[in-house]
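You will see two complexes here that share chain A, one where it goes with chain B and one where it goes with chain C.
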Partner chain A sequence: MQNGKVIGGPLLVADSISLAFGGVKALSNISLEIREHEILAIIGPNGAGKTSMLNVINGFYHPQEGTITFKGETRRRMRPHHAAEQGIARTFQNVALFKGMSTLDNIMTGRLLKMKRSLWWQPIWWGPAEREEIEHREFVERIIDFLEIQAIRKTPVGRLPYGLQKRVELGRALAMEPDLLLLDEPMAGMNVEEKEDMCRFILDVNDEFGTTIALIEHDMGVVMDISDRVVVLDYGRKIGDGPPDEVRRDPEVIKAYLGEAH
Partner chain B sequence: MIYREAGTFRTTYRADQAVFPIPQDKAFVLGLVAVAYLVVPFVMTDYFFLAILIPFLILALATLGLNLLVGYCGQISLGAGGFMAVGAYSAYKLVSIVPETNLVVAWLFGGVCAAGVGILFGIPSLRIKGFYLAVATLASQFFLDWMFIRITWWTNYSPSGSATAPPLDIFGWVVDRPVEKYLLALTFAVVFAVIAKNLVRGRLGRSWMATRDMDIAAEIIGIRPMGAKLSAFAISSFVCGVAGALWAFVYLGTWEPLAFDINRSFSILFMVIIGGLGSILGSFLGAAFITLLPIFLNQVPAALGLPLSTAMVSHLEFMIFGALIIFFLIVEPHGLARLWAIGKEKLRMWPFPH
Partner chain C sequence: MGPFLEVLIGGLLTGVLYSLVALGFVLIFKASGVFNFAQGAMVLFAALSLVRFLEVMPLWAALLGSAALMVALAVVIERVVLRPLVNQEPIILFMSTLGITFFIDGFGQSLFGSDVYPLDVGIPKDPIFIAENTFEGGLLVDQVDLWAAVVAGLLVLVLALFFQRTRIGRALRAVADDHQAAQSVGIPLNQIWVIVWSVAGLVALVAGIMWGTKLGVQFSIALVALKALPVLILGGLTSVPGAIVGGLLIGAGEKLAEVYFGPIIGGGIENWFAYMLALAILLFRPQGLFGERIIERV
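What follows is the complex of A and B.
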């Protein structure tokens, strides 16, 4: 599995994060780190706070306590678009694509942050605006090739089947050239073949571009296979953190989530 | 078989990104513009220009402006009439204070003022959405209506409350014949349609559409909601403002604040909805439908020789017009632009559908 990839130092450090909605404690005192180039899986039963954790990381929720340090920069409150500017991309559990736009346009929106040069030429189009558009189109076409979605380039995403929509959403996140990619259940509701495809894409992204990935997934087979490290959450607390094999044998994790063979 | 994509091979991204990737489309639209410029001026009567074509073109421009906001950015606005009024009155004040201003500059200045007011009234959109935003923009309509009626400075203290545009002199070209006014309105409509198309197919348009389709995801990929929404308000109001200035200066000549009341806002919003949300072509189709159909309906009984009273005709006109709007919205909620697209889709197969 590990084909000589080097896992670097921490890219993102979450330090004693606590998040509450009124009286409900979604996260209590969670510290975790995501290291450069690794694939980190966050697992746990429903309502454990996995998605809340991702939302805290990309600035959607503001934790009452604790700090996030990304690329050495510590922040307490930030908006999601700042996270995007810093290089954090994500996909959603329930696909959040722009339904009225084509696959190509959806992925092109991922390039918006990089398209800054030609704003004033937009109304005229000819010249700089068109050149910049084509530059980014070339980048996007490479993603389309990589994800094998050439055939649906011009199809409005609302018409695509679920599995392909998830792929387009991954494409949009990749178009941002993120340093950290957060995937919220990238394989939920897929059949075995689609899951295998998605696993391959995730591993390839990690391998070829060196992108750090944090993913939430319920399919234990997948998690154990592709992740370098696993963090286990339960009722907003962290109950496990380590390599897959270690976590799999942890009695507390088995009790809370994995269950025992009878 | 005549109209098709097959056989057109696009080998560059440039060709693939063209506005009209299908050659027939391109030929059709260019042909239409050529006819509008080269043939229409010679064959139409003054009545046609004054009563039909000029209002149609100017309202299409306003519809285009509102469509950028409502159709592309998804922010419902009932304030189009108010923004048109801002454009008209600011342009009017500019030419009253500095009479030597070129009128085109004055109209664009009107657009800029409208853009500023648009941004101001667009600020609530950062917090509220949908119907609530519509109510907030309605407030802008009432406020602007009130301002132009009550603050007589805007009309140079004219006792009747109406304002009269100076003679139309553009770079030495005195626009006084209906056909000249038509060409002027046509040029504005064409230029703004091209600019709008360029905006919506690029970076700005994508950030608007992303905000419209899913604002949360748009923010995740780095689109600042404030930038996207306020730029949509600004540009939309700019176009509406220019349209308002043209409406006042070119079409009406002498106007009262009533020309830009709530009914104007509603009718422009209807044009956007009936024409097709998020479609440049739809803006023109919607404006054509709402401005031309009543005139057409008005002519039908006379043309058929039916002995109906004028009152009866105008009541019938209202009823048929309303019924047609409902009919179209049921048949095709995405507007005339979608019907047009479906028609083209069918045409690809025609005449051998199997």
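What follows is the complex of A and C.
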């Protein structure tokens, strides 16, 4: 890309993934890889299996066939919290936040995995536990600054407008310091200005922390602008994979999803 | 003054016993958003197992055995009921706890028998007189109730430290709020459920010991759970201190109402007073005295 970032080898490889719910085939024989430091966009019409693919990657769904290799470790089944432990964070299409908690507490939950050591110290609220809490709080404050949500730090997220909720959700995922960040329609339901902000955050995260990002998005302008590579799904099959410009010209992709200018 | 205090103290102490049952409800609700209808059945199950274990082993072993049984029950419930229902609506999980209730009631009684068993774990049962110098004749207090108060106090202290102060507290609130999101930040849902249901099982054991000592271990102690419902509504479903304060208010309120208003309208108030109070609370403060306000953007 323009700033000369280096895209590395594959961080995650999905090999011949097939997933069915009863008789409905959600994914058939899909292979894709996500390379280190890249921004990969997964696009396709509704029901193409995009979200199912993310759910397979972070362990919500267990595919009937195929394997996932993440950081060199191959697995067939995985629990979501193991995926989180290994460094996969995600956001959800319909915003899954802890609605009763404040913005700050929501983002703090992203640090839970990092706070292992002093469980038995915590009730005493002194010494190591206090230090640890302060340390994590500082980290979370940096994320809050980065996402420009200082003003809603203490607001229960249930009260926030949708665009801000999406931003808080991103913040929670970032608090996990993930190696792989999965974003399910991060810009759905946003106005132009909010979309621009979100694009900036995504690019900055990728740029500054080198986080690998796989995102699902319907806004083709956004996809073509920010992604290094695009994978196209249709009816649970992969029909395209390549740089944005190449995918945009692919006749099959145009037929299935992009449509032609008439 | 003497009789009033005697009624008040008696009421407060009975309230503690309600609180013990209500605590179990609160724990599970806080941690999974599930209203566990089976808490009363768990109290009965724990008490039944203890009483039967006591027939063949010393107290410490029986206590350990019953505790282990409650933990095993938690593991089974998580495995068989909760895990397949992850990400379902709270009402569906609630319905499943109705099923659990019937199962535990039936299973417990076919395993341990359905007679009335006296339970004696060494708690003195004789009522005692206190403050004999201040009031003429002193105040009559049930010793079992006093013990229950001490135990409940300790229990709340431990639970409060465990759940409010540790990162588990934050994890629990997260799990209660949204299963999927909780999993995605790395909270092991299944383990959390086992922990919480185990703790609720142990609380049920404590409640079972107290109620069993007072009334004998019999099916009707499963029904004391019904008295925990108004306590929960009063104190708030999500608050541990709320369960305690709610229990105290209900216990004291119903005894005082019985003694002072009962004669005016013909008595028997004690049986329905708690529910009336709960109804009034629902009208004016649906989240209870200490419950979390549910905020919803519409």
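As a working rule, the second predicted complex is superposed on the first by the 261 of 262 C-alpha atoms of A that agree within 3 Å, B and C clash if a C-alpha of one lies under 4 Å from a C-alpha of the other, contacts with A are read in each partner's own complex, and residues count from 1 in each chain.
Basically, a residue touches a chain if its C-beta (ideal position, glycine included) is under 8 Å from a C-beta of that chain, and two chains touch if they have at least 3 such contacts.
Here the structure is a predicted model, which means the values were calculated and not measured.
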Partners on chain A (chain B, chain C) - clash or fit: clash
Which of chain B and chain C A:255 touches, first, second, both or neither: neither
First (chain B), second (chain C), both or neither touched by A:81: both
Which superposed partner A:92 touches (first chain B, second chain C, both, neither): both
Which superposed partner A:134 touches (first chain B, second chain C, both, neither): first
Touching partner for A:159 - first (chain B), second (chain C), both, neither: second
Listed stretches 3-11, 21-29 or 147-155 of chain B, narrowed to the one that overlaps chain C: 147-155
Residues of chain A at both interfaces, chain B in one complex, chain C in the other: 58, 60, 79-81, 84-85, 89-90, 92, 96-101, 105, 108-110, 112-113, 115, 119, 122-123, 125, 172-173, 176
Contact set on chain C toward chain A in their complex: 161-162, 165-168, 170-171, 173-174, 177-178, 180-189, 292, 294-297
Contacting residues of chain B [partner chain A, same complex]: 13-14, 17, 195, 198-199, 201-204, 206-207, 209-210, 212-214, 216-225, 278
Complex contacts: residues of chain A adjacent to chain C: 58, 60, 79-81, 84-85, 89-90, 92, 96-101, 105, 108-110, 112-113, 115, 119, 122-123, 125, 156, 158-160, 172-173, 176
Chain A residues within the chain B interface of the complex: 58, 60, 79-81, 83-85, 89-90, 92, 96-101, 105, 108-110, 112-113, 115, 118-119, 122-125, 129-130, 133-134, 137-138, 141, 172-173, 176
